[in-house]
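Listed below are the structures to be examined.
Next, two complexes with chain A in common: one pairs it with chain B, the other with chain C.
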Partner chain A sequence: MAEDVLLSDDLLSQLMSVGEVDLLVGMSSHSAANTVRQALDAIEASFQRNFVRQRVVIVNVGGGDKDEDGVVAQGPGNLAEKVRLPGITSLRTSHRVTANVSSPSSPGIALRTILAAADLLRARACAVVSPAASNLTPDSVANLLRPIYREKFDFVAPLYSRNKYQGLLARNLLYPMSRALFGCGIRELFSDEWGFSGRLAALCLNQDVWHEEAIQARPEAWMGISAISSDFRCCQAFLGEKSQATKGLGTDIVEVLRQTVGTLFWCLEARQSWWLDCERSQPVPTFGPAHELTSDPTDLDRPRIFDMFRSGVTELEPILSSILDPETHSEIKSIVSLEEGKFRFKSDLWVRTLYDFAASYHHAVINRDHLVQALAPLYRGMTYSFLVEHSDSSTAEMEAASEMLCGEFELQKPYLMERWKAKVEVKS
Partner chain B sequence: MRQTILRGLEQVYGNLVRMIAEFLPRFLVMLVIIVIGLVVALALKYILRALLGLTKLDRVSDDAGASRVLRMAHLPPMTELLSRSIFWVTWIGFILVGLSVLGVAGLQEQISRLFQFLPEVFVAILILFLGAVIANFLSRTALLAAVNAGHPSAKILSWSIRFVIWILAISMTLEELGVARQTVISAFSIIFGASMLGLAIAFGLGGQDLARKCLERYLGDTKKKEDKEPQPL
Partner chain C sequence: MRLQKDNLWYKDAVIYQLHVRTFCDSNADGIGDFAGLTQRLDYLEELGITAIWLLPFYPSPLRDDGYDIADYTSVHASYGSLEDFKTFLAEAHRRGLRIIIELVLNHTSDQHPWFKEARSSRENPRRDWYVWSETDTGYQGVPIVFVDTETSNWAWDPISKSYYWHRFFSHQPDLNFDNPAVFEAVWDVMKFWLNLGVDGFRLDAVAYLVEREGTLCENLPETHAIIRELRKRLDLAYPGAMLLAEANQWPSDVRAYFGDGDEFHAAFHFPLMPRMFMAVKLEDRKPIIEILDQTPEIPDSCQWFIFLRNHDELTLEMVTDVERDYMYDEYAIDKTMRINRGIRRRLAPMMDNDRRRIELLNGLLMSMPGTPIVYYGDEIGMGDNIYLGDRNGVRTPMQWNSALNAGFSWADPERLYAPVISNAVYGYQAVNADSQKRSEHSLLRWMRSLLQVRNAFQVFSRGTIQFFNPSNHRVLAYMRQFGEETVLVVNNLSSSAQAVELDVQRYKGYIPIEMFGRNLFPRFGNSPYLLTLGPYQFYWFQLRRI
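== the complex of A and B ==
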């Protein structure tokens, strides 16, 4: 069993003293000492308001930081301390367990520990939350757990309210591409908060993928795709406003692309037998509003984004020529010369570009990490085009555009399949 | 007189027959060794080709950029190159062993010198190949990093890295082959030193503004700049 190596003696004895549970909430408190207490309070409050009769546990995966662990376990060496919030009555005891993992920790290590704990405690519904997220509320925790515990879903992805210019990678790439290829319209496969059932936890725990870089960086997307491709029931739940503090990645486009697009491409590789036969996308049940966009003013340097696209395509020409189909490459080169005002990255070209990247990733025409990095200038081009095109668009118009893009991804799926199955041809 | 001539001719004929009698078996042994060598070399070539095919060396070579270098030099793919190399090295080895059986004076010494030199040639080829792979990988890494960070002279940076690694690899190769050691070391020191000095002067004097911008970018407040792009997630 995986727990034999994953769970330390200390953690094992803590879990044994807890016994079986109904609900488990896991989090990784690495580099989030300041917000751990707030997160714990939100989770406890959620348990006591929404799950009065259930046996519950919070599993915190930390790096042995005394401050963090002290907050979680109320003192080092204190096993599974029982916690009650004053003034609120709960019929069950809430447990807190701390798992110290050796540094450097990663989301993959943290999730694997949480899954092992969930498997051992036979938890029926689990959720992973981020203590760094400033928007963590009792309701958001309940929204992740409830569909699994009450409605028997196996995977719950979050939905957020956000500014219409934020989350463009998810809107223009991750969501439509994963929807077209894996046939499941989950909008936020890449998030720091999600829910899952005990049986999905057991399935994922027993997969021999935990050493993979993609899983170490972004295990949640792989878990979601595993649920989809194993015919588990998936849904989405609205959690409120999107917190931008999570993971501290900010706008480091290259790092975000490596973690998200790199993981998505890896999942395409790992699950190719499934998605190559998947024909149409299915709608996903949603709890709460399906999308909510705000139009707060944002300070974006559009000329710089366009310049970086233009210089990137020019400077990376030899690299792009080895990744892209010659026709796609020449079309991109032709739009580079357009003036800022006339520039548009059309959706069919964008989709073909991404499918060329995915196929080249599969055939490993160049180093895969380099390949994903080479996408950054093109993503900037698409971002600029989107900002210009939707400067005055309403929410409905943006949703219509998003649906059209999803349709384009589905329409061109045969193109990807053809390139995917084609014999490797390395261009000089 | 006639008797003397006949005796001389008989002696020459006898010597010739003896020489042929001594040479022919050796020649046959040489031919046998060469034919066996051909068979062994062919076998090794096909075995190596199959093994390298299983290890997907060509894909690794493509990934590292070595295939590109080979194509530029009009050489076959990595698997084919290595299997052909092993064929020729094995067969030439057998041919040389076969030639040494002939017992030709002076030839054996040359052959043994050639055998002594072979490992150095192999190491030199390996150094050159690794140099090409590393130069390609690092220059591409630098190019991507510089372009994505918005540096204005990404290509120059990338080419500089490629150039320095190539110079280093070529110097090490020549050093390994023992070709004009002192000259190679001096030439490398001069080229490398001059390049670095040139870059320093060019950057310091010619590109003061650029240097200031770079320092500000690395040491200054980067947060403000980052916030100018929308959050991707």
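== the complex of A and C ==
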């Protein structure tokens, strides 16, 4: 077998048995042996409850772990029997396909395998779910598939009910920036659950991008942006509560930024012809309730976040000077010196900072990976400011603030475009 | 007489179901008759069927296509005389064809002399031959069968001013089997026909013979006791005669009608039929395997009778709501095609006249465990007329040739009991027996060869079945085995070409011989056996160890 062949003979043989399908749900069971059964039950139950007539398949991309794959490989006569709902029986055979991918695997490899399966099986509607997500339910699976299968959408992003301190990266950076630049108000472009059409799967599968680090890390965002920038029909579907635990803003934020912001910047680069011409953002159709916030208390360590901001900016002074516009850099240096109680990271400065980073990424003024990592202390500063400002805010007030931030990103878009198009002499 | 002496003849039979009225009219009155049917026996013998099941031919007001019997021991004048029937019976037997007749025990017509007497006065000796009540409140909760036309199982009799029980149409009062005199009268009827030489009875609506308060009045122990007594008398006096149960129930419920081999010899497997149609439309073997998995074992002397279509609607009683909706959407999107809980269409139109699917379904029918029934006209792919009302659309005149009235009758077309099918696709000019006899590749000729192969091997009628579980769900494969006969059947249920690998390790060393062309295929080895099948294609392989 040639080295660049994606699908193994074993997988191909399984796909041959499945044949054409209407619905495909993919997942990666890497390191998820404990929850994979629960995920399979939810998917099977969703099929039985919502899609009794449709031809369906579950594609699991695993690492050859016997425990994980053994569960997935159990035929419909075994596991499916156990989850059979009273009075409801799917008319058709329910298939499970396991694709063993040698370690180290990545979301990109898993998605590419799922897309290849979807393309070969001519799936009309697909979803990717995470077996690690404890909020996965039959309804959430159906909510991802239904807009594609019944309403002819091509991309379905999830919407969640979240604690107001969860998803701050999406709230303060990923959502407003992607909305302003790509003109599409999708809140959760970066998520491990989403839906897509067979048409979109085929388009993405045939892109020569799969070797890119950004795609390997967060392929879903690239897929969403590809859908937006190729005029596919996009929507959002409410999936219920997001079960992800509140993460602290410690060292792992660097890795998260590398994956998310790195991918977003890479997409800006790849899709510049689209977003440079995109004028205003448009709302997207939403199925189910709109985005919900809850007000549970949080245990984020604010003083530590502020300390990390100040020390980081100081340590990265030379790097930031090469990334940021001098005026932006100067303003940041001035707020670093403020006392904790008086510190505010204003939204116009935050937006300009990010646009400076994006432009510098484009011009590759320094190593792009280092560049994205340098954003971490600034993001911490913004987060600290947000937590202080909204410690007593209602969910409605937070939504209003979020909308204002989106407006700021849109307002300053010409600034980014100007810097993007400027000729820059790269320092060696 | 060429009939073989074999008391289990019904297990190896291939049955042809017809109504005398529909088959051939010998006297140009527009209605088929026994003399006409007798003239067409050569056609049936050539087809390869071994038994004929006649729909009711008794005197009747014909408000339910003859299932409303007004005289149990005679022939409806339109169909000829009792002498004509005797001639027909003798000629059929001479050709080795057995005859099964219909008998409706549960009820009579309200025109039957028994009911006329019973309703004439409350003191009449036959009053208690039917089920009467002063009110219409008894047996609450018992389902109504003909939901499209009936609102109650009780009907008011204005003559005797009381209510009578009817499980079917209100003009069909139920007999009271709690009265021993009714049982004896029914047994006399059966003896009458057995003495003439008929080979078996298809007993209609047997689940409903007895009524008891607080039950659904179906499948009651008292009903089984009546059947056991009939069977006992039959075996003693007429060994080899067969009883076939019409009980539209789940196999587990029908199982009781076989008893310990001391009730019915055979019963219809109703739920299998819609699932064969479903499997082909879904392109998935699941429905067939599921229902056969739920089918209980039956005594050795007993047999399931299986069919694709018959004179009634394609009944969807024995399916789930989800399955019924699917069948309606896929096979009867036009609501005119629906009646009661079923679909009033023939096989060929349901298959969109797709020869490959018609052949596949017939292949399934002939290779599944059980005795297959071919409904008249389906062997040539006759169409239907859904605008005729009730279920008459699948009861149109047999299409013999392209002459006047499809060769069915020399009467004026206006006089026919029903118009012949005359549309461009299924009309008698395009679809008829004579033209198909002449064409080597016609459906009729193909059916003949199918039956020829089937009749040459007892494994199809008596063998065990074991399903393969290949990963390709579009392929339904099973092994039939009986004594030294082993047959592998592989069906592609889908509209596209399929590959399948079968685990035949248990049969290592066997040579598969394709049974229609007698061609040898590669010998089974250790590896999974790879077969490729075209759209809706099927294989029958005889396995030989040489």
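Note that in this section the second predicted complex is superposed on the first by the 400 of 428 C-alpha atoms of A that agree within 3 Å, B and C clash if a C-alpha of one lies under 4 Å from a C-alpha of the other, contacts with A are read in each partner's own complex, and residues count from 1 in each chain.
Simple rule for what comes next: contacts are C-beta pairs under 8 Å (C-beta built on N, C-alpha and C of every residue); 3 or more make two chains touch, one makes a residue touch a chain.
Note that the structure is predicted; figures quoted are calculated from it, not measured.
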item: Which of chain B and chain C A:252 touches, first, second, both or neither; value: first
item: Chain B versus chain C as contact partner of A:17, first or second or both or neither; value: second
item: Chain C versus chain B, contacts on chain A by residue; value: B
item: First, second, both or neither for A:93, with chain B first and chain C second; value: second
item: First, second, both or neither for A:156, with chain B first and chain C second; value: neither
item: Partner chain(s) touched by A:53 [first = chain B, second = chain C, both, neither]; value: second
item: Contacts of A:169 with chain B and chain C, given as first, second, both or neither; value: first
item: Footprint overlap on chain A, where chain B in one structure and chain C in the other make contact; value: none
item: Contacting residues of chain B [partner chain A, same complex]; value: 59, 62-65, 67-68, 71-72, 137, 140-141, 143-145, 147-148, 150, 152, 154-155, 226-233
item: Chain C partner contacts - residues on chain A that touch it in the complex; value: 13-14, 16-19, 52-53, 55, 75, 87-89, 91-93, 95
item: Chain B partner contacts - residues on chain A that touch it in the complex; value: 165-170, 190-191, 244, 249-254, 256-257, 260, 298-301, 304-305, 307-308, 311-312, 315-316, 319, 364-368, 370, 373-374, 376-377, 379-380, 383, 387, 424, 426, 428
item: Chain C to chain A touching residues, read off their complex; value: 278, 282-287, 320, 322-323, 326, 469-474, 494, 496, 498-499
